[in-house]
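First subunit A sits with subunit B, and in the next complex the same chain sits with subunit C.
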Partner chain A sequence: MTQVAEKEILLNGTQAVAYAAMYADVDVTAAYPIRPYTEVMDTISKLIADGQLDAEFIIAEGEHGQFEIVKHASLVGARTLVGTSGVGWLYAMEAIVVTATDRAPVVAVIGNRALDDPGAYGVEHNDALMVRDVGWLLVWVDTAQEAFDTALLAYRIGEDPRVLIPVGVSMDGGFLTHSEQIVRLPDRELVKSFLPPYDRGKLRVHPDNPISVAPQVNEDWVTEIRRQHDEGMERAREVIKEAYESFKKTFGRYPGTTRDITMPENPFVEPYMVEDADVILVGMGTVSKPMKVAIKNMREKGVKAGMLRIRWFRPFPAEDVMKYLANAKVVCVVDRDYSLGSPFRGGVVYHEVRSSLYDLDERPKVLSFIGGLGGREITIQDVEKIIKIGVEQRDTPLTRHTYWVNVRGDPW
Partner chain B sequence: MTENELEKEERMYKSIIKTIKQAPLEEFYTSGHRTCQGCESALLMRYLAKISGERTIVVGATGCMYVANTTYYTTSWVVPWVHTQLGGSGGAALGTAAALRALMRKGKIKEEPINVIVFCGDLGCADMGLSGVSNAMTYDYNLLIILYDNESSANTDIQETSMTPYGAQTSFSRPGTARRIMKRRWKKNVVPMIIAGHRNVRYAATTSPAYPLDTLNKIKKALSAGGPTFIHSLDPCPKGWDYDPMYSHELGTLAVETGIWPLYEYIDGKIVYNEPTKGIVEGRIKRKPVREYLEKQGRFSHFVEEDYDYFQKMVDEMYEKWEIPGVMPIRSVELARK
Partner chain C sequence: MGEEDVKYVEITYRGIFQKRLAKYVAEGLVYMARDMGKSAVSFGRYGDSPERNGVPAKYYVAVGNVSEEDLIGYSTRVEPEYVDVIAVLDDTLLKGVESWAWQGVQPINLKLRKDGAMIVTSRKPMEEMVKLTPSKDFQWTLGKLNWDRSFSGLWAFNDDTTMERVWGAIAKVRPDIVDIQHVVSYVKSHKKDKLNERLKAVEEAYEGLVIKTMNPGEGVEFKYAPPRLLTWQEMMEGTAIPAVPRGGRNEQFKRGTTKTERPTVDFDACIKCDLCWVYCPDECFDKTPDGYYDIAYDYCVGCGICAEVCPVKNCIVMVDEKRLPDYTRPYGMWKANKVEYKKWLQNARAEVRERPIVPGLGR
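The block that comes next holds the complex of A and B.
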C-alpha cells in the first residue's frame, strides 16, 4: 500500500525541502536571494509555474520583509515556507525573533553560511545558532532525504497546538544544499494522513475571531509569556517523538532512511558505533560523512571510536547526550561555529554537550574542535587526527581544551 | 476606459458618504487606549476602523499607535489587530493579504472581501519601513497602508524623523547658541513617491483628521479601489508640536489653508484636489501666510524672520513653480515639450 505512489528522484538538499513544502501544500512562501539556500525558492517558483503547487509566492524587499510576510500569513492561518542564509538570517533577526514569540509555526530553511566580513559562501553554523536562545526549534539535517523528511516533520511538529513554534531546518551550505542525492518521495495521499491541516484555533487572526496579537505587556506579563513559550519548547520533545513514530508508521520507514541508509530510531541524535567507543566525536550536519569513514579507519587500527550526530539542537537532547556519551573516555566536539571569548574558547555545541554531561558521576573529558569554517572541508584525515588527539588526551591529564582544525600558524 | 474599470470607479464613488450623519454609528476602535488629549492619530484610527467595519484585519507597526492603543487586556480594537515590527509594515500587509487570498482560493476559509489595513508612523513608513511599503505597492493584493504622520518619533519622546518639518525642534534637533536650525532637511514627500514609482497603485491620497468627511471617504475609496492603496495623513500632535490640545483641529486646518499640507487624491492617473486645497490651486482661495501656522506651535518658537521667509518661499514654490501644484516638484515639462 505505501509503495503505490512512492518514487525516487534525484534532488539536492534545497530542492528536497521545496518538494516537501509542495507535499505539505504550503499556502504562502516568501523569497529573497542569497547563496546557498536560494534554490529552495527557485524550485518553489517553478513548481508553482508548472501548476504542481498552489501557493502565493512573494519576493520580499529583503530578509526582514520575508520573515514579516510569513509571520503574518501564518498568524492568519496559512502554512508557510521561508528561508535564507548567513547574513540574510541576521538581517531578518528582529522579524525572526517575533515569529517565535508570536508563536507562528513557519518553517524556515537555513542554508548555513559564514557571516560577513570577510566574505565567504561556505558553511558555518553561527548563522542559525544566533537564535538558539529565543525559542525556535532548530534541527540540522545530513542528507537530502533527511531534508525532505525533516521538513515534513517540521510542519507537523511546529504546528502542533501543544507547540506552535517555528522550525529552522539547517543544512550545510554547499555540502548539502548543492549535492544531489536520491530521495524517496512518499505517496501524496499518505502525506495528507501524516500531516493534518494547520489550525491555529483561538489564535487565528480573522474577523470571525477578533483578537489583538502582540500587545504591550511590559513587566506585567512578559515573564509568564516567556515561560509559556518555554513550556511549548519542552512539550516539543514529546511531540517530536510522536511525529517520528507516526512518520515511520505512515510511510513504512524511519525518517532519514533510504535504500542505502538505515537510520537508528532516535529523533534527536544519530549514534554511530558508540556502544563500545571510548573516543566519541560529536557534530552536526554533513561532518558525519568524514567522521564515519575516519571511525572505520581508526577502528581497523584498534581505536574504539564512535560518533553522535546532534540532529535537534533545540530542544537540546541533553538526555540522549548523557546516555550515549556516559561511557566514553573522551568526547571530541567538532564545531562548525565559534563562540569567541566563551569558557575555554570552545565552540557552541561543545558548551551544550559539556553542560549536559555535568551531572554524570563519572564525566568524560570534553574537547572542542573548531573547524570547517567558511566552507573549508573537514577531511577524513582531519577527523583521524581529531581521534588521535582524543586518544592522547585519554591517557594523560587534560592539557588543552580547544583546538582549531588546520588553522594556519597554530599547530594542532 | 474598459467596462471593468468603469464598474470599479462606480463602486468607488457609490460608496461615498455625503454628510457626516451618513457615517456608520458603530465604532471598532473604542475605549481602552491611552493616547494623549487632542491626539489626531487616535482620531484617524477611529475613522479607519469605523468606515472599514467588522470584516477587517488591522495591522499596526511599532509607534505610538501601537504602544498607546494595545495595553494587554485593554485593547481598543474591536476588529482583529496584529502588531508588526517597525520596518515590517509592507511585509505584514503582503503576508496578511496573501494568506487570505491563498486560503480563500484553496477553499480553506470562506470566500469574502476582508479589508487589510496596515498603519505605520514616520519611522515605520517613511524611514525604516519605506522599502517594505514600496514592495507592497508593487503587488496586486488588496491592501491599504496608512501613514499616520505626526512629524516626529512621538513614542520615544519626539525625535526628528525624515517627516519632521524644516527647522522644527525635536529632542534630536534642539536649537543651540551656535546653531539655531538643527533640522535643515526638507520633509519627505511620500504620496508622490508612491504614485510615481508604483504603476499599479490605483488610489493614493493625502488627508487630515481635521476634515472628517474627506478622511472617511478617502479610506472608503482606497478600500474599494482594489489592489494596493496608500493614504498619508498629517496628524497634529500636541506633545510633539507643543501646543494646547484644544487646537489640534485648528492646526490641522491651518496646515491645509497655508498650503503646507495640500489635500489631494490620485485616482487612476488623475490628481483631484480636495477641500480648501482645491480652491487654492484654482486660485479662488488665497493661501494664509505660513507664519499663522508656525507661530502657534512651540516647536518653531526659535524661528526668526529669515526662517519664516524661507519656509514661506518653499511653500510658495509648491504652488507657483511646480507643474502639478502642491504635489510634484517637477518644473520642466513645458521645456521638455519644446
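The block that comes next holds the complex of A and C.
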C-alpha cells in the first residue's frame, strides 16, 4: 500500500464529482441546468475556464439532447460527464435508456430531487430509480469524499471492456449536493495509473472501424440483446470489486474513507455495528449519518441496533444483504422513495431487500419505512423512533409492513 | 462532547447578490475551525431558492469537537435547531426573513440561542439598528460591522474585503468558534494578492466592531408562529390549493422581504391610469375609493415593473430599500398628511440608482 500526501480541499457533493471528472480528464461534457445538479456544470465550466481541464463543454437545448450528446460522444470513444436531477432525468429518459442499450459508459451525476408536482427541490430517490430495470449501474454516495472517489471508480468500472455500461452516481439533493466537507484529492499521476484510457476497441464508431449502432430489428433480435446486457451487468460485480481493491492499492485508502470516516472494506454495502444487532436499518444516501448517531445513542440505552447502507443498487448486492442481515431479528428499510401500489405498499429498496432474503431458512422480519421525501430531513430522533418500532415488532407477530415516517395525519 | 457542544454560524444573505460571498465566508470559517483542531462542515439552506434575486437565504457552518462523521450526522438537517452566531450581510434583512413558501415571515434572529451574537453589516447608528432588531427573552450580543453591504451577480464575487471583515467580526464576538490568530493565519496562507488590504480589513472589523449587549425584551417585538401545515387527509387531492379569496392576500407566502429596492409613489402626480395595477406581477396594488393605487409593500418584491410602466415622470420611483424602516403602506400616509408625505418621499428618494429605461415601456 502506497502512502501519498493528498491535498485537502472543501467541496460539496456536486463540486466533488466535477473535480473527479477533471482528474479523470473527461473529453466531453454536456450540460443543462436544473437544481441541484447545476453546480456540477458550474464547477466544470470554471475548471475549463481556469485552464485546469481541457474538455468540450456543450450546452444542450434540454436534457434529452444533453444525454444524446454524451451517448454519441461516448460511442466514438470520448470520456464523458453528464448529469441532471428530478424531472430533468425523466425528460431525458428515452436517451438515457438507449445510452445503456448501446453500451455507452457515460458517467451521470444525479442530484436526487423530488419529481413534480408539487414543485420542490429536495431529495427523493424516485428520479434515479426510474432506470433501475433498464441496465444502468446505479450507486448512491453519502459524503463528498465518497462522491469524488466513486465518480473516479465509475469511469474505471463502466469503461471496463467486460462491462461497458453507463453509471449513475446518485447523491441526495441539498444534504450532499449543497453541503461542503473536506475532500482528499489524490496525486494526478496516480489517477493516471488507476484509470486507463477509455478504449472501446472494436465497438468504437470510427471511419477506421466501420460499424453501425442501434439498427431497427425484428422480434428475433431483442431478447438476445437484453440477455447480453444482463451478462454485462453481472460481470460488473467482479469489476467493481477489482476496482475498489485497485483504488486502495493505488491511493492508499479505501474509497469513501477519510481521517474521520472509516468503514469495512466492501464496495457494495457499508455495514455498521451489524454483528450482534437485533434491529438493522437499511438505507441509501445521506440518511446513513443520522442513522449512525442514532445507533450509537440507542446502544448506550442497551438496544442492539445496526445499519447496512446500500451503496451499489445495480447490480444489487443480494449476497451481502443476506450475509449481513441473516442474523437480525428485524430489518427496518428506510426508503427515500415510494412505490405506490406495490406489495404491502412498501418502498423500492424494501422490496429488493425482502426479495433477497427470501431463500434464507430463517428470515428476519422486514419493515418498510417511507420518509424524507421532497427534502424533508430524517433526523436522529426519527431514526431512534424507527429503531424503537423495530424493537416493538421483534417479538410479536407481524401486524404491519409499512410506516410513513413523520407524516402529518398518521400516528407517529 | 456531543451534539449539544456543536456550534452553528448562520450567514443570512440576499440570494444571487451575495451567494458567493456567503459561501466563501462559510468556506473560510470551515478551514479556520479545522486549523484550530475542530471538525467543521458547511451547508446552504437548500430550500431557499438562493438563485433568485434578493431572496433572503442562509448558509451554515457547523463546528465541534466531535468526529467529522458525527458532525455530518448532526448537521444533515434543513437547518439547525439553534445558532450561536448570525452574520447578516445586508441590514434590510432585519425587517424579516421569508425564504420558504408557506412559512411566513420570520424574525432575523429566530434561531439565536442564549448568549449568542448577531453581527449586522450596516451603516446605521447602533440606536437605529436596535429599533429594527427583534427582541429575545434572554441576553445576547448585537454587533455592528460598519461597512457597506456588498452585492454582485450570481457567479461573480465582489472581492471587496467584506468577507475578511465578517471573519474579523465573528472572531471578536465568538473566539471559541474562530479566533483572530486563525483568521489572520488563514488569510495569510490562502490569499496571495492584496494581502495587506485583507489583513487590514480583518483588523478593522475586529477592532472596530460596535458591540451592544441586548437585554431580555430589548428591541422590537416580532412575534412569529410557525404556520399549522395540513395533514394529508386535510389537503386537497391532486396538489391543489384553494385560491385566496378575492381582495385578500396569502398570509403564509408574502415575498416582500425579497426586495432590495421598492417603488415610491407621488400621488400628487398620479393620473390614475391603472397601468401599475395591471402590470404588477405580484398584484401589489390596491385601488383606493378615490381611484389611486396603494401598494402592499409586504408583498412587493421590488421588481421595478410598475416604475417602468408608469407614464408620468417621477410618479413611481424605485428607491433603495435601506432608506425605509418598515412596510407601512404609502396611501394612508399621504391621506393623513400630504406635507409630511412629501418629506417622506423626498427623503426616500434622496439617493436613486440610475435605472436603465426599457424602450417601449412608459416614459
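Going forward, the second predicted complex is superposed on the first by the 407 of 412 C-alpha atoms of A that agree within 3 Å, B and C clash if a C-alpha of one lies under 4 Å from a C-alpha of the other, contacts with A are read in each partner's own complex, and residues count from 1 in each chain.
Here is the rule we use: contacts are C-beta pairs under 8 Å (C-beta built on N, C-alpha and C of every residue); 3 or more make two chains touch, one makes a residue touch a chain.
Note that the coordinates shown come from a computational prediction; the quantities given were computed from them, not determined experimentally.
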{"item": "Overlay on subunit A: subunit C relative to subunit B, clash or fit", "value": "fit"}
{"item": "First, second, both or neither for A:P215, with subunit B first and subunit C second", "value": "first"}
{"item": "Touching partner for A:E68 - first (subunit B), second (subunit C), both, neither", "value": "first"}
{"item": "Partner chain in contact with A:K292 - subunit B first, subunit C second, else both or neither", "value": "second"}
{"item": "Partner chain(s) touched by A:R253 [first = subunit B, second = subunit C, both, neither]", "value": "neither"}
{"item": "Contacts of A:S179 with subunit B and subunit C, given as first, second, both or neither", "value": "second"}
{"item": "Partner chain(s) touched by A:K365 [first = subunit B, second = subunit C, both, neither]", "value": "neither"}
{"item": "Partner chain(s) touched by A:H125 [first = subunit B, second = subunit C, both, neither]", "value": "neither"}
{"item": "Which of subunit B and subunit C A:A60 touches, first, second, both or neither", "value": "first"}
{"item": "Where the C-alpha centre of subunit A sits as vertex, the angle toward subunit B and subunit C in the overlay (nearest 10 degrees)", "value": "90"}
{"item": "Lowest C-alpha to C-alpha distance for subunit C against subunit B (Å)", "value": "17"}
{"item": "Footprint overlap on subunit A, comparing subunit B with subunit C", "value": "none"}
{"item": "Of subunit C, residues touching subunit A in the complex", "value": "3, 26-27, 30-31, 34, 39, 41-44, 46-47, 49, 51, 67-70, 72-78, 155, 229-234, 239"}
{"item": "Residue ranges of subunit A in contact with subunit B within the complex", "value": "25, 27-28, 30, 54-56, 58-62, 64-78, 94-95, 98, 197, 205-207, 209-218, 220-221"}
{"item": "Subunit A - residues contacting subunit C, complex", "value": "10, 12, 35-36, 38, 42, 117-118, 121-122, 143, 173-175, 177-182, 258-261, 286-287, 289-293, 375-377, 379-380, 407-410"}
{"item": "In the complex with subunit A, residue positions of subunit B that touch it", "value": "54-57, 59, 66-67, 70-72, 75, 77-85, 87-88, 90-92, 94-96, 98-103, 105-106, 108-109, 114, 131-132, 134-135, 139"}
